[in-house]
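Order of writing sets the chain letters: A, B and C. Residues in each chain are counted from 1.
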């Protein structure tokens, strides 16, 4: 774990797979109520040291509350939060070894950039000379040295974001909490900053906990993602697992685009499932190990880019193949999204990469098309 | 998420501490002792007998007397002062006339203030802070002085009469000062900012594209005003009306300086009972009845303001 | 907006301002009148001002008034700010309705009732009436106005700034003085100024709660006005209007300039990022 300082090592960084790793942040059966509203519902979660962990979910799912309980702005109604083995109950925010980067940045408008960064250090009664050195270090880290004497309102959005980052890192917190840190930036800047954040986290070797509603952001920066809904965690996994092996329709639908075909499980053997999806879907066969009994309801979930669209019927049009009419075409430049209306009335989406410069696509509105996919492309979900 | 999470009752991480407790306790106790307790004393004294002494009333009960004194005191309570208020028609007329004057002048202030607030809210954005300041500035100068200024204008040989005579509208000077007309002018003048400011705040906040949408949907400007602008400015209208109506009902300075001997207002009556007749128990009874009359509008005003504060939060 | 409505707007604002300012303007003009008759212009003179400065009664009253206003505004600002914090930050606590009732009621309560009730309080606890009873009475009324002014600023205050300070290791009380107070300072100052002028202005409450030896300027003016209009009062009024106008205009120009430089800085920041 100590060797985890450069990119390639990161791939093997997976303390959550090692039962011997010590938890760093622990939520133990945490419930948080605001009056009648249950923001966090009996939630248990473990985050490891040096992990870049993302809490992902829609507005009101409890992700910000969870983070604020680490920072100390909210206390759990039931359960406990531990950091590095220490129970945080009763520890006020100003005595916690965590720092937070706020969604609004919360830069003190009446202080210069320098004073903002020094603020936390002054609270620790650090000697003046040390503060000055540390502030310079932080300014250099976020490349804002020439802006030290400016006030927050004299900075652009991206610069403000970096001051906020420098300020929260200056005290060398055990955990850096990031509340929608890039939400206020425009798309291009956001993408660049995402990579900068990852670099910074690896360079400093700190634990980062990020809250976001932007799935792309979570997937880009995080080692693991927790997908939340209504105060509960639905799935915790690496970005690739969350995308390729969602454990529920909720996760499948929340992350990226997905087609869901409802059906009945007819065969469920070790490593093989057959699903009868009725008129529109036909028979679906999947290589998958899961615990289900034939006769149970299930949903076949497949991403639009994993289907092949063709004007000609395949050799075996009865398995893993659906037919329909092109209902709508969304041209996005790099890809086109085809909305195909099936015999049963349902619509599925298929993405086709645009490999030529032709403006006219070979497949057009109202064409009869066949969609096919291999047995390892989709996944059967039962909840 | 933040929306639901943050609007929930705040539960800051720090537990109740002495500093937090002091923040509530100091202003609370202050208002309790110097605002609420005095009303209880007013009620108590309104039930006492008048006496020629210093202070000019017979204390009905003493706190020093303990429970026994309290019971003795209560048995000595007298409703004589209230009976007196009902016996002399002067008081009933004064209350009625105060309410009438307050009601009419509230309507007048609204009528005068609305176009001003509307014009301000539609003025160029850069000019609005200056206009706002111009409306507030007289508010910072002495109320008494502003009322006094009208004496010079309204009296028989005053500037208004001179102007009207000079133009030739009238051939003889009008008697305006020491009449109810002068009182109305004084009230409209003095209370105008109280109406204009909440109206302006409501009108300025209004999304102007709403009017464009109305026009786009075929609604002519005048109709759009009654259907859209006016309903949306209602919170301002209500706040303004309360801010004018309630204090005007108990107004003393304006009817005293601009009104005549036949201008009956309860604030003047109270002042006279207190200072001229030195009848403190009767003055207290007058105040209690005035308070009872004003309790409903005051409570309505509070609810309105609290709702507004919550909406803004 | 078509030209007809804008014509209407310009007229109503102009007439409104004329209505507000004309009496004050006339008052000022006639304070420089040679004649004792307030309505007849008899040439320019500053003699009323000279006379004013030899009128010891008026000067004493002015001094009392300024001191009352200073003390009461200062205490009212502290109490009002605390009250505003209570209203905005403490959520629902036991007795909150009563508390906010006691904040809003004095805003509209007729002065005669407040004055009478406070006087009766002072008499019943046998508190020596005079300078300090006026101060106490003024604090009670003004703090509610301060509370409302500060409250509106606190409502708009971004709480994450305080949270950021706490998060960076700053304890709550220190956070209030280092972060919250500097940022709500404009409202606190405005509240002080409002409390100060309310106190300068008050006739009714002061008349009830005063005792021997404490005559405020409004009380003095009132007793003289009852005897008839005199140019001396015009002169006093002009001086008071002048002082207040200078204060308010300077304050607003300063904030305007600060805002302008702020907007410039923001534009620059946006342009050269």
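Definition applied: contacts are C-beta pairs under 8 Å (C-beta built on N, C-alpha and C of every residue); 3 or more make two chains touch, one makes a residue touch a chain.
Since we're looking at a predicted model, the values are computed, not measured.
Participant: Find the chain most remote from subunit B, comparing centres computed as mean CA coordinates.
Facilitator: In terms of C-alpha centroids, the chain at the greatest distance from subunit B is A.
Participant: Pick the pair with more C-beta contacts: A-C or B-C?
Facilitator: It is B-C, judged by the count of C-beta pairs in contact.
Participant: Report the inter-chain centroid distance for subunit A and subunit B in whole angstrom, where each centroid is the mean of the CA atoms.
Facilitator: Distance between chain centres: 57 Å.
Participant: Using Cα averages as centroids, what's the distance between subunit A and subunit C in whole Å?
Facilitator: 54
Participant: Based only on mean CA positions, could you tell me how far subunit B sits from subunit C in angstrom?
Facilitator: Here the centre of subunit C sits 17 Å away from the centre of subunit B.
Participant: Indicate the residues of subunit A shared as contacts by at least two other chains.
Facilitator: Those would be 72-73, 92-93, 103.
Participant: Hey, what residues on subunit C touch two or more of the other chains?
Facilitator: Within subunit C, residues 166, 172 contact more than one other chain.
Participant: Show the residues in subunit B shared as contacts by 2 or more other chains, in ascending order.
Facilitator: Touching at least two other chains: 9, 12-14.
Participant: Flag every residue of subunit C that touches subunit A in the complex, lowest number first.
Facilitator: The contact residues of subunit C facing subunit A are 158, 160-161, 163-172, 179, 182-183, 262, 265-266, 268-270, 273.
Participant: Tell me, which parts of subunit C touch subunit B in their complex?
Facilitator: Counting only subunit C, the residues touching subunit B are 1-2, 5-6, 8-13, 15-17, 19-21, 23-24, 26-27, 30, 38-39, 79-80, 82-83, 85-93, 95, 99-114, 116-118, 120-121, 123-124, 136-137, 139-140, 143-144, 147, 151-152, 155-156, 159, 166, 172-173, 193, 197, 200-201, 203-204, 207-208, 218, 221-222, 225-226, 229, 233, 237, 240-241, 244-245, 248-249, 252, 256.
Participant: Quick check on the complex: what are the subunit A residues that touch subunit C?
Facilitator: 71-73, 92-96, 98-100, 102-104, 106-110, 119-120, 123-124, 151, 153-159, 167-168, 171
Participant: What does subunit B use to touch subunit C in their complex?
Facilitator: Where subunit B meets subunit C, its residues are 6, 9-10, 12-14, 17, 19-20, 23-24, 26-28, 30-32, 34-39, 41-42, 45, 55, 59, 112-113, 115-116, 118-120, 122-123, 129, 131, 133-138, 140-146, 148-153, 155, 157-159, 162, 189, 192, 196, 221, 242-243, 246-247, 249-253, 257, 267, 270-271, 274-275, 280, 283-284, 287, 290-291, 294, 297-299, 301-302, 305-306, 309, 312-313.
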